[in-house]
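There are two complexes below, and they share chain A, which is joined by chain B in the first and by chain C in the second.
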Partner chain A sequence: MSDHLAVMLERAKDGVRSFGLARWIIVGFLLLIWFIAGIFTDNDLGTLLGDCLVRSGMNGLLVLALVLPIRAGSGLNFGIPLGIVCGLVGGIFSLELAAANPFGLSWLSGVESLSRGGSGFLIAHAVALPLSALLGLGFGWLLEKVRGQEMMVGIYVGFGAVAGMCVLWLKAPLTSPELIWPIGGDGVRNTIVLQDYYKWILDSWGEVSFGSFAPGALDPQGNAPAFTRSGGFYLPTGLMLFWLGACGLMAVFLKTRLGTALSAAGENPEYARSIGIPVARMRRWSIVISTMLAASGIIVYSQSYGFYQLYKAALWMAFPAVASILLGGASLRRAGVMHVIIGTLLFQSLLTTSLPTVNSLVQNSPYREGLANLPEIARLVIQNGVILYALSRASRGSR
Partner chain B sequence: MMARAVIRLLSRYAVPILFVVVCTAAITVADMNLSRISTDVLERFFRNLFLVLSLVIPIVAGLGLNFGIVLGAMAGQIGLMTVQNAKVPGLGGISVAVICSIPIAMLLGWLTGLLFNRTRGREMITGIILGFFANGIYQLLFLILAGPVIPYHAKDLLLPQGMGLRVTINLTSVERGLDDVMTIPLRTSAVVQEGTPGAKVQADGSYVKVTRWGEIPMLTLLVNVALCVLIWLLFRTKLGQDLRAVGQDPGVAEVAGIKVNRCRIIAIILSMVLAGIGQIIFLQNMTVMNTFQSHEQVGFYAIAALLVGGATVTRVTIWNAIFGTLLFHALFSIISVAAQNPKLLNSPQIGEYLREFFLYAIIGTTLAIHAWRSRSAARAS
Partner chain C sequence: MPTSPVLELRKIEKAYFGTRVLKGVELSLHAGEIHALLGENGAGKSTLMNVLFGMPVIRETGGFSGEVLLEGKPVSIRSPKEAMKLGIGMVHQEFMLIPGFEVHENIKLNREPLLGLPVRRVLGRSLDLLDIARMRRESRESLARIKLEVSERALVADLPVGHMQFVEIAREVDKGDVRVLVFDEPTAVLTESEAETLLGVMRDLADRGIAILFITHRLDEVMSAADTVTILRDGELVSCSRKDETSIPEIAERMVGRDVSTEARTGAGHAPSADHEPILIVEDLRVEMPGEEVRGVDFTVEKGEILGIGGLAGQGKIGIANGIMGLAPATGRVAVAGEELRLNSPKDALGRGLAFVSEDRRGVGLLLDESVEMNIAIPAIEIHGRFLRAPFLGPFAPVDRGGVRRHAKEAIADLDIRTTGPTQVVRRLSGGNQQKVCLARALVLEPRLLLVSEPTRGIDVGAKELILDRLRKLNREHGLTILMTSSELGELRSLCHRVAIISEGRIAGILTPDDPDVQYGLLMSGGTL
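After this line comes the complex of A and B, so read on.
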């Protein structure tokens, strides 16, 4: 009996160790913030915990998009804004169908109902996925040509895609009054409200909400704070299932013949080539799938956020995603689905909880306006510190 | 033979040539006011040249494009804040700002050098991320600690609550302290027909029109020339030769007894110190400092300018920096005029986004071409 116990203890120890010291520190820090938020502030802990789940589900797919390029040996894919831009194009396409004459084409009129609800969400994907596959193919081809500098080139492909798209948004041939500025002004609006289309289409599928440990904190106007529902714990069942389902599919794919071949191509390209794995093609397709996941990721993100954010909003989106997967324990050469899940939950929870907690802690301080910047500063330092750490740890050489 | 040489020259200088063509076409089509553009370009040229020159040394030493100059720029800004806090006026103020910024830039350069030695082969991406990271620390220092801990007290520097700096600081004490010491205006006069707008009648009854092409700030010019000469001299010293050797082949340099890591750190420290001074020159011309934004894009703009001049990740001359700054800012100036011109873009907003797109496209394309070439070179050997 005691033997059995010792084995179990040993196993638990192994589990704890493999989770990593850095992650235990973050978990401890999170628990501390939750404790403080629950006891010393008037924030509702249940609401906060629910928000952590919502934010993780929102961002999760964008983080998942990073797994395959790391596995295939292309490093951190800072180019996911390319996919994000494709997702936004799909999203805006689906909303334009609500116009009287979509794109000024009369034969397309009368399809308004398609743009609302689940069909709108699907149409957004139907446009975004092929587009992102096509551009991802080009991106993958480029990265193959610039082998050794993938991350640098990726950053600039992402930046360039967002900046170039800004010009196109200004010239987009859209007619729906909800998309364009009412009077004057060029092009599409900066933020587009999804309220009447497919806001929370995933979040609210099988949603569970209950209990409230304390009355939820309201902003001065008496509205619920941004991102929060009516108070109390909220489980966005559909959103979580979608994200974790995608993670599960990825895990299954990595176990298949193709998945192991792809990992082999990343771990040891020479050996992989010698046993007949088409290494370059593996890397290219990992980028294609990554770009497609990013496209779907931003649609999922937006339906939960409630808005499409256009123009320069996507410029910096790669960096939190990269920080999340690294925080989950991935490196420049090693990444798995568990890293995505753990990293996203930890990083997003940290961001989601620290802001309201710090705000209510400092609300009576004469320095509250200055101190309210603390969470954002902490985000910058943690996010980029994690990436710097990973860069300095990877073995010297080609990348 | 001749044709091949021409083709090689064209491909080597593809980016600058493309720039000249685009600029000329835009000016011709839109019939722009040349004197306005020239004034603007001259001003931007002298504002930015020093920052662009600060990138030269690390490239020669094989560290690539130093995106870390953002940290040097922060050091320069700290110097300026200190001067504004103490209200040291004019040229003296600029000198004090430079003296304050140098030790900070050296410390930051040393730390960056240590990091770059750990991330050899990935210095550029490390530099970009390091810039973002340092921005977090900078915000901690000047949003939270300035006031309660860092002893700044001036009312035009601190927020009314006494914690954190203002988002924009008017550099009243050093504004244009370097540029305005002595300026030489560039003018041409031409005899014109009676009735030409802007023409003035002379004593002899003829009509003369004076066109202004901008001003040359002599002291700023002198400082930049001095820097060019110093960089030229540096590469004729033992240290300069070592840096060049490290840049060409670190392995060989190591065998030849050169301390490679030390050389790389020195290159970064020099670059950081120069970037700090460059940022001071930049901001004394702008006269307004966006406390939390002025430094953010410094690296991107300076690097794009250098690349437009024909520099690559491994090859650079001082002339690349000079021509690049001129061409890059000519394009920026022309885009913003073209954007408002009804014959061209007819939207100031598009001009802004186009400028940003060009910025990223220039850097991205040059990096891609470089990686592409060095890969095929590696395969050929």
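After this line comes the complex of A and C, so read on.
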């Protein structure tokens, strides 16, 4: 009997150990924040937990986009802003259909209804996915040329894509009054409200909420991302299903013949070559799929956020995603779907809860201006720290 | 010739992790003589040189026992730098030169004469200016001493390969007080005429009173240049004799000689089961594999036989299998069972029923962080689409984990792979068990020709026996044709029906296991029968 117990204890210990010390620290920290938030501040814990889920669902696809390049041996794909701008192009395309003469083309008029609701969401994808596949192909080709420096080149490709799009946004041939600058002239606005199009198209599908739910309330501080759902626990059922469904598909894909070949190519290219796997093609495909996932990811993100943010908003978006998957236990060479799910939930929960908690804790302090920056500083330390940690252990396994 | 030796090595013993690689080796070097040091790969030559030059690897693995005497006085050499100070120099096989520097800069590197400016008092020697005029003058003199007509201002990168070797020598000569000079296979990369010049330079240097230790594989060079010949075999001193008292066949026999007859031999000549039907025909195969270049080989493997490929390291034997399998760029013509093989395409080679156990077990052979079962199954999944649950889905067909597990269990039992189970990560297995996994992953492809490279390198005796025995059994009972490459001549002679000896990228000859040692020795050291 005691033997049985010992075995179970050993199993439990293994489980705890395999979760990793770093993750336990983060979990402990998270629990501490929730504890403080529940007891010492007037924040509603239910609301915070709901926000954690929303934030995770929003960012989840962008994190999932990182899995394949890691497995195929290209490292962390810092170039996902390339996919993000493709997603934004698709999104803006779908919104422009609401104009009287979309793109100034009279034969396109009368399709306004297409831009609203589910069809708008689908059209955004229909434009974004082929575009991102195409650019992903080019990106993959480029990475093959700079073998060994994928991550650094990826960072600059991401930056370059965002910066290049800044110019294109200014010159985009759009006519919808909701897209172009209100003062007139060329170019798209910085932020486009999705309220009348497909805001929460996923979030609200089968949504569950407890407590008072008041959509539209703005963040009182104004500096935080505007979580407009406040007052009570909220489960964005459709959003979570979409994300977890994508994760499930990825998990299945990794267990197919192609997924196996791709992982083998990443783990040992020499080996893969010796059994006839086209290693370079595997890496290229991984980048294509990653870029497509990023494109879809930003559309999902925006429908939940309620806005498309253009211009420089996508500049730094690779970093939180990269930090998430690393926090979930991935390394530069190994990544799985569980790393995505655990990492996204942990990282986003930490961000989502620490900000309002610290804000309410320090609101009566004479130093509140400075102290209010603490969560942002903590975010930067964690985000960049975890990336630095992973890079410094490049040659070793996870943990 | 003076009676007392310049350099003496006495009773040198060295073990790496319990394996004795030097067993009481003695060597004495006199001023003005060229002393040839001969031995197969693994005979202990490199280790002996590492001891002599105080390489860190010796100390890190527990040091050595025995004495090194320089002009009769015991010395303890703890680093290559100390060896240099004592006047022991080395001309390396791989050039230790900086291509972007000029010849004189290379010759004087880290020994540059300085101008002795007053700033030295303040800033130290490191910031004193170089006396470039003197560097050039002295380099020119050294180059002249070895009769190399090259400007000291030339960039090393622009020199022909042969000249780089001479720059190396000039650098050693330039060290002035050099008393002992070691040449490590200096002629390996030289053309015939360059090699002759080099031997002349060596003679010159010897006449000037420098003791020269000449490591080589080429017996004709030994006979033309050396005064004394020392032969090592398996870490033991076999013989040390004056050149005029020995002969090429004698040297060859002593290098190779070992008692092979006690090992069970598969049989001499053609395999009894073979019907002389060729399964693999290779014509003019050339392979660009760095360090193992193949310069045009022709041979035929008959169905049902085990053909061995032997030879010294760096002669190209490793390149042959890699070239056929498409892992190294190759040209020429290869036919498998009468059909032309597309070269440089691993997929085509595998598709035609060839399977390969690579000499680079950890680099090419395995996915170290994957489980035993997946390592065995992945090649079959990728090449034959085996172990798939719904094969009609093509690349998206899910892998049949159950089938993979069942097959792995069979292979584990069959090959006696010592593991905690099919899910254990391959990295944690011992070398021998990793090699068994490599064999299992090749056999799951059900090949008609199995190419095996260095199957017993770096593995324990038990696993070695099992693997050789398994290969023999596969050949005998299942008629599997095997092309086996190995550095272990004894192994080849015990297992194969015929053994091809590779020298300088070509086939020097094909022997039967029963042919006398002297023939093997001659073919391996660049001679002919």
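Just so it is clear, the second predicted complex is superposed on the first by the 368 of 399 C-alpha atoms of A that agree within 3 Å, B and C clash if a C-alpha of one lies under 4 Å from a C-alpha of the other, contacts with A are read in each partner's own complex, and residues count from 1 in each chain.
Everything below uses one rule, namely that a residue touches a chain if its C-beta (ideal position, glycine included) is under 8 Å from a C-beta of that chain, and two chains touch if they have at least 3 such contacts.
Predicted model, so just to flag it, every value in this text is computed and none were measured.
By the touch criterion defined above, A:Gln149 lies against chain B but remains apart from chain C after alignment on the C-alpha atoms of chain A. Of the two partner chains placed around the shared chain by superposition, chain B is the only one that A:Val157 touches, whereas chain C remains out of contact. Contacts of A:Val381 after superposition on the shared chain: chain B is touched, whereas chain C is not. Among chain B and chain C, the chain that touches a larger number of residues in chain A is B.
Using the contact criterion defined above for the overlaid structures, shared-chain residue A:Asp14 touches neither chain B nor chain C, since it reaches no partner. Of the two partner chains placed by superposition, A:Glu112 touches none, neither chain B nor chain C.
Of the two partner chains placed around the shared chain by superposition, chain B is the only one that A:Asn373 touches, whereas chain C remains out of contact. Of the two partner chains placed by superposition, only chain C is touched by A:Gly276; chain B is not. Shared contact residues on chain A (touching chain B in one structure, chain C in the other): 397.
Taken together, the chain B residues at the contact with chain A in this complex read 115, 118-122, 124-126, 128-130, 132-133, 135-137, 139-140, 143-144, 147-148, 159, 161-164, 347, 349-350, 353-354, 356-357, 359-361, 363-364, 367-368, 370-372, 374-375. Interface residues of chain C facing chain A in the complex, by the touch rule stated above, are 325, 327, 345-347, 350-351, 356, 358, 360, 363-370, 374, 378-379, 381-383, 385, 388, 393-399.
Within the complex formed with chain C, the chain A residues making contact are 252-253, 255-258, 260-261, 264, 267-268, 270-271, 273-277, 334, 397. Touching chain B in their complex are the following residues of chain A: 142, 145-149, 151-153, 155-157, 159-160, 163-164, 166-167, 170-171, 186, 319, 366-367, 369-371, 373-374, 376-381, 383-385, 387-388, 391-392, 394, 396-399.
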